[in-house]
Amino acid sequence: MNLAAPAIALQTAALLLLAPLVSGFVRTAKARLQNRRGPPVWQPYLDLGKFLRKDMVISEHASWVFSVAPYVVFVTAVLAGLLVPMVTVQAPLSLFGGALALVGLLALGRFFLALGGLDPASAFGGMGSSREMTIAAVAEPALMLAIFTVAIAAGSTDLSRIAAASLGPTWSWLNPRQVLAFAALFIVLLAETGRIPVDNPATHLELTMIHEAMLLEYSGRHLAFMEWGASLKQLVLMTLLVNVFFPYGLAPAATPGALAFGLAAYLAKVLVVAGIVVVVETTNAKLRLFRVPDLLSAAFVLAALALFSTFLFQQAS
Amino acid sequence: MTSMHLLTLLLAVPAAAGLACLPLRSRRAMAGLNVLAFGVTLALGLGLLRRVLAGGPVTEGGGFLRADALSAWMVLLIAIVSLATALDAGRYFQRDLAAGVITPGRLREFFVLTPLFAAGMFLVVLADSLGVMWAAVEATALSSVLLVALYNRRTSLEGAWKYVMLGGLGLALALLGTVFIYAAACKNNPLPFPSFNWSHLMTVAPQLDPRLVRLAFVFALVGYGTKAGLAPMHTWLPDAHSEAPSPTSAMLSGVSLKIALYALLRFHILSSACLGAGFSRQLVLALGLLSLFLAAPFILVQDNLKRMLAYSSLEHIGVICVGIGLGTPLTIFGALLHMGYHALTKPVLFFAAGNLHQSYHTLEFRGIGHGVMVTLPVTALGLGLGAVAAAGLPPFGLFFSELTVIGGGIAAGQIAVSVLLLAALIACFGGLLLQLTRILPGQPKVARAHDGRAWDGVPAMGLLLGGLLLFSVWLPPPVLAVLHQAADIIGGRP
Amino acid sequence: MDNLSIVLLALALLGYVAGALLGLLGLRAERLANYGAFGCATLGALCGLIASVTGLAAGGAGLPHQVQLLPAFNPFAQFSIRPDPLGLFFTLIVSLIGLAVSVYSFGYVPSFYGRRSVGGFGAAFNVALLTTTLVFLADNVFFFLVAWEIMALAFYLLVSFEHEKEEVRGAGVLYFVMSHLGTGCLILGFFLLYRASGAGGFDGFHAIGARMATGPRHAAFLLFLAGFGLKAGVIPLHIWLPAAHPAAPSNVSALMSGVLIKTSIYGIARVGFDFLGAPPNWWGVTVLVVGTVSAVLGVLYALMEHDLKRLLAYHSIENIGIILMGLGAALMFAHTGHPVLASLALVAGLYHTLNHAVFKALLFLGAGAVVHATHTRNLEDLGGLVKRMPATAFFFFTGAVAISALPPLNGFVSEWLTYQSLLQGFGTTPSLIRLAFPLSGAMLALTGALAAACFVKAFGITFLGQPRGAAAAGAREAAPPMLVAQGLLAAACVVLGLFPPLLLRLLDPVTQQLAGVPLSPRLSLAGGLVLSGAAPAGGTVSTLGLVLMAGCLLPVPLGLWLVFGRGATVRRGPTWDCGLPGLTPRMAYTATGFSKPIRMVFKALFQPRREVQREYDFSPYFAKNLRFESHVEEVFQTRIYRPLHWLVWRVSRQMRAVQAGSLQAYLIYIFATLLVLLVIAL
Amino acid sequence: MNPVISSDIAAQLIALLAVLMLVVQLLLVVQRMLLTSIRLFAVQSLFLAGIGGVVASFHGAVHVYVVVALTLAGKVLFLPWLLDRQVRRMRIVQEIEPLVNFPTSMLLCGGLTVLGYVVARPFTALERLGNNTLAVALTLVLTGFFLMINRRKAITQVLALLTVENGVMLAAVALTTYGMPLVVELCIFFDVLVGVIILGLLVYRIRETFASMDVSKLSQLKG
């Protein structure tokens, strides 16, 4: 497991480029399902570009935390992405951490995000932070339990090894463990990326928004990095989902052909997952905040079931 | 020359001092005389210790007086506590006189009776004949009654009355026990007057009639137990202790309880030698535990400082009895040690309580209120340290002695007893802590000026606390030796 | 090397003694007391730190087996210490924290000048450090218990230092009574061992469990668990902890949270692995469950607090829980015979012990600085301090990140190790028990996330936004010594976070001693830059690597900024107030409001009581003014402790009827006793 | 020296006197007038002295005469005189209603007598003279105890205590023929004497401060 600089560079680039695209895709597809034309798929790029160029207004109450947060959110998201195998089995940074580190990095981003929301003393930021942290807290056990399940199966928290294990001869994607864990992780994905039915990314209605409430005071490049970070996080979680459970086409070695095939497969899988998200978003209404924990506890139960099935099928080593 | 008539002198010096106070007028002179006398007795006690260690039991007056290791130990305790009391009494009564609480006549009463009281206690531990020992205990009771009643308040009279009635009754029963023992001695003994000496009885113990000895021990237990304040015969204890002037309370709680216990011990040893240890041991153990568990709740909800201290004495008597009752060398050793440490601790608490009483004119916790630490720092320090010691916390010795008893109990497989003991001790600790937190810390309601009493009672308290601390971390070899010998005597291992 | 560390140890102890004496000498001279006492404490702690580090670095090898401090004064106690690795590791903890807190006190204590006895405070402080160190080093039961009790006493004095407050006195008493209960359990437990070994020496206790009958063995374990648990404040024995920590002066709170409650971890490790050994499975399970429960409930109650120091106190309960998870897993592995995993879990627990000591002390010192500057602990009155006390804010922030187990700081590392050991525990046993591992792992995740939420609240409400009160508005930065101390601990957080393998090497002798395996070779890869979970296949992490990588990634956003946003300007402006002019602090979220969603989610546990009073003019839709209040009370308080307290008092009061005051009654008692005894005797 | 009277007569005399003591005791239990009670006690002590005398003359033990003399001087003459003086000075005529009324107390005393006999039975073998003297002695102790519980006036309680004392002395004579060694007897005697004097003093002071001798008023110290 050597640190291949090119691999890192490539995957970073891929993440940065794909993330807005995926968000754009989701937004457009959703519009189409609702019989609206919707913005073009590349709209997010344009937004980012505009944000970066714009002047900034920073609240007079804000402190350094407010200004540091966007960069931290952005960088942690990218770092997290580098821990996940994307195109190749071998994630470029897997030596530096596995699933646990990934969760930790995302949590760090969230920590700054929430503080950034509190910093300007606005009436909404606190609301957003409080809700964000609550939902994250309730989502965490399900997430961790699901990860544990697959990690136990693979005997490692290293995502590359997990992927490899699922590729390997022992793998069967109909294994109840995998199915249940996938379902659990999918719900967590919805919660973590602020999707309906947990949060509505499109709304700016004060009382219902969560993520947006924290961004309310951000403008200019800060806002850009915040948005970008969010979409990166979403992409990372999707990647995690697809490559852990359906590692088809992950390139075992860095040969051009394998890479090309891997990339194609990867795009396909991500689009599928995005599609599912779109369907969920369009077919569901947003839940009341205090209903969300029920949903997430359902995820927890699923993960627990996955664990028990592991217990049933796997013998002690 | 002194080494020849050590025991006689031990009795004579305090008695003489007491009588010599009769004609005196000045408080200073009387106090000084007392201090002097008790200083001498302390020296004598040390001498006695040395001789006992050197040559075993000492006898005098044709076997009328006899001192073995156990007696020597008790003598030491009596001497130390009396000395401290005399040191404290002088300035204590100075305040009372100034406040007009007592008359000079009563004052003389105190300085005359206290040495006699002490002399009586010396006689208890030095007399060889059980009969004389009984008479001596009675004498201590009688000499202390008037001390308890010294203030001549309604309550103090009541306390004294209960003390003398219950004590007198108890002693009558104890006398009956003594009679039974003597009867056992007389039985199938050709002489018209067989020796009534404990030492002699021990030699013939195996031949004594077990039924008589049994009966005798029961009566002695109830009788002397009453005087020693064992539950449920303890009821006079809080009344007398709280009503007596503090120096007397110190004497009562510091030694006189243990003296009665000593008398009981002699019977215990005898009956163990005759009946085997089981019988008397279990009775003592049971009463000890009862005392412990009775003491805890009373300490917790007590409203009066000195009454609370009295109940704490009950607790410690309980510990000692449990130690004796467990009956292994370790626990007996622990119990004897506990006697010593408690004798050094309790007077300090009573002296401090006396200061409080004189400055606040009440002993009710409510009346005293918060902030004694602020008003009377030195007294508060004494009270605090004494309480820490009495609660059985290190570095003070009571912690060690209690640990020894508990540990000995567990090592002997008496787990249940040890657990009960520990539980009761913890409860008492909690009570003591809670109660003293009511008065020591905090901000005083009314700011009292230091009326020059800041350093009151420092000599006495200092002497005792210093000794306690010293002997907690360092037991001089002779003391250790005498303790072990005494433990052997009680354990029936000559 | 070895005798060097012994000399230094001796110097440390002497330093504390000297400090105590100087404190007493300085009863009248406050300045002397302050500098003398805390100066000695600082030096002593420094010596202790060096001594323990050198000793551990030497692998605990070559240390004298036993050192007689004083001649055996009385037949009970041998005043002898034995610096074995476990003891040295905890000495390291106490010295490190002691060092920081002593330095802090230079700046903190002067606020007491003229108001109370600084000398007494310094003396008690030194005694506390001394006895705590001796607890870790004691060589026999009696010495241990003596040190233990004096420690409790010293901390009682320190806790009730500001004794004119009713609540402070109550807290002190509660602490002392609970602690004494614990001591009772310990005494019984130790005497059970004593009975088996026949001597009080800890050498004789080694693996004594094997020679004990099952009954006493299990009894001893439970007694120790209860006794140490009381000191550690594991739920439901924690009741004293949230009361005592806020009551104490802040440097004392730091010492308690950092050191005092760690003595119990030492005790459990010592007893569980060194003395009893060969644990049956249920021991480990019990500890694991206790730990999990304490962790989750601790953090949940912490979230409900808006008293800064009470909040931190509850976090101590949580972290003790996390530590116990590690120890419990270790016990289970010891049972199933996986020494490597056992030492991994042990390392996780011990590492977290050190980490928690560091960041919790840091947080308490920060809180102390805040309280010192604003004279309030109530979050609702704070806010905006990041501008007024920037350094304190930054250090507190560091502590918050660390305690929330976020990379790259130390909290993350130890929790990562804990996760690893729990994860690998699954494979160690075929029995259903193995489900305990991942489930407690999930609970650990919940704990971590909640802790993060709680510290977003703690830091955000305290330091960010606008000041919610005059006190906060007028706050000034803390005195230099206080900042130095916090800086020291913050640096420790970073170092322990970025270079774990360095410390893990110091832990080798400990695991060698307790589990028989030195671990660091298996834990560090790539020349100590990467941390691995015992089996490299199990997963690796490198906080240092992540930080460096982040450093490499930072050019991306900066580059974008340079490319696109060159012309963009930055302007300061008011916060968006929905067009209604005048944004007041009262419009921002309060601490209570922040934790409301959680309170709702866990309603079943909290059973919040809320009262709302409205006053209308004419229509219920236009309330004139509205009074809302909501409080959460601990279920243990209301369901267990209060009834118990009531019962005790009730019974005691009724007992008093015995002493009714009538002579006749007393005579009857004697008479009855006599009759009963006569019946027995005949 | 030759015995003045033969042993069986002595035994019967002693038994008789002992029983008389018991009778007196029972009378005391139901007696209400203080002065009469004091006299009764004197009579009881007289019988005790009588027993002592019989023993002495029968066994020709000189020192017992000393004890007899002391008993006569102290318990038959001095103490009753002292108490008498107290009572007269305080002008108290009779005992107020006792806790347990007289019939019941008689029954109880009957029960105590039985108990006394039960306790004493194993030891009849040891008695050197008289039969059941020990039983009587124990009964005296127990009933004296009861009397103490039952009465409220300080004086009567003192009397009760003294009857207990008598019981003990009787037991001593009964079990050991000669009583205890002289020195012990002397000590005991003087203790009792001093004791009663101090009691009298205390009673006097109580009377002064409480204006009453009702002991049941002495119940301020509680808890």
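Letters A, B, C and D mark the chains in the order given here, with residues in each chain numbered from 1 onward.
Assume contacts are C-beta pairs under 8 Å (C-beta built on N, C-alpha and C of every residue); 3 or more make two chains touch, one makes a residue touch a chain.
Given the structure is predicted, the values throughout are model-derived calculations rather than measurements.
Hopping across touching chains, the smallest step count from chain A to chain D is 2. A comparison of C-alpha centroids places C closest to the centre of the full protein.
Looking at which of A-C and B-C shares more C-beta pairs in contact, the answer is the pair A-C.
Averaging C-alpha coordinates per chain places the centre of chain A 35 Å away from that of chain C. Work out the mean CA point of chain A and of chain B, and you get 79 Å between them. A straight line joining the Cα centres of chain B and chain C is 45 Å long.
A separation of 31 Å divides the Cα centre of chain B from that of chain D. Listed for chain C are residues 656, 659, 663, 667, 674, 678, 682, each touching two or more other chains.
In chain D, the residues touching two or more other chains are 119, 122, 145, 148, 157, 215, 218-221, 223. Taken residue by residue, chain A touches two or more other chains at no position, since every residue touches fewer. Every pair of chains that touch is listed here: A-C, B-C, B-D, C-D. On the side of chain C, the complex with chain D involves touching residues 656, 659-664, 667-668, 671, 674-675, 678, 682.
Looking at the complex, you find that chain B touches chain D at residues 129, 131-132, 134-136, 138-139, 142, 145-146, 149, 152-155, 157-162, 164-165, 168-169, 172-173, 175-176, 179-180, 182-183, 186-187, 192-193, 196, 209, 211-212, 215, 238-239, 242-243, 298, 301-303, 307. Residues of chain C that touch chain A in their complex: 383-384, 386-387, 393, 397, 401, 404-407, 412, 416, 419-420, 423, 426-430, 432, 434-435, 438-439, 441-446, 448-450, 452-453, 455-457, 459-461, 463-466, 525-526, 530, 533, 537-542, 545-546, 549-550, 553-554, 556-557, 560-561, 563-565, 567-578, 583, 585, 587-589, 593-598, 600-601.
Residues 61, 119, 122-123, 126, 141, 145, 148, 154, 157, 161, 164-165, 167-168, 171-172, 175-178, 180-181, 183-184, 187-188, 190-191, 194-195, 198-199, 201-202, 205-206, 209-210, 215, 218-221, 223 of chain D touch chain B in their complex. Residues 161-162, 165-166, 169-170, 173, 211, 214-215, 217-219, 221-222, 226, 232-233, 235-236, 238, 279, 283, 294, 296-298, 300-301, 370-371, 373, 388, 393-395, 399-400, 403-404, 406-407, 410-411, 413, 418-419, 422-423, 425-426, 429-430, 433-434, 437, 441-443, 472-475, 480 of chain B are the ones that touch chain C when the two sit in their complex.
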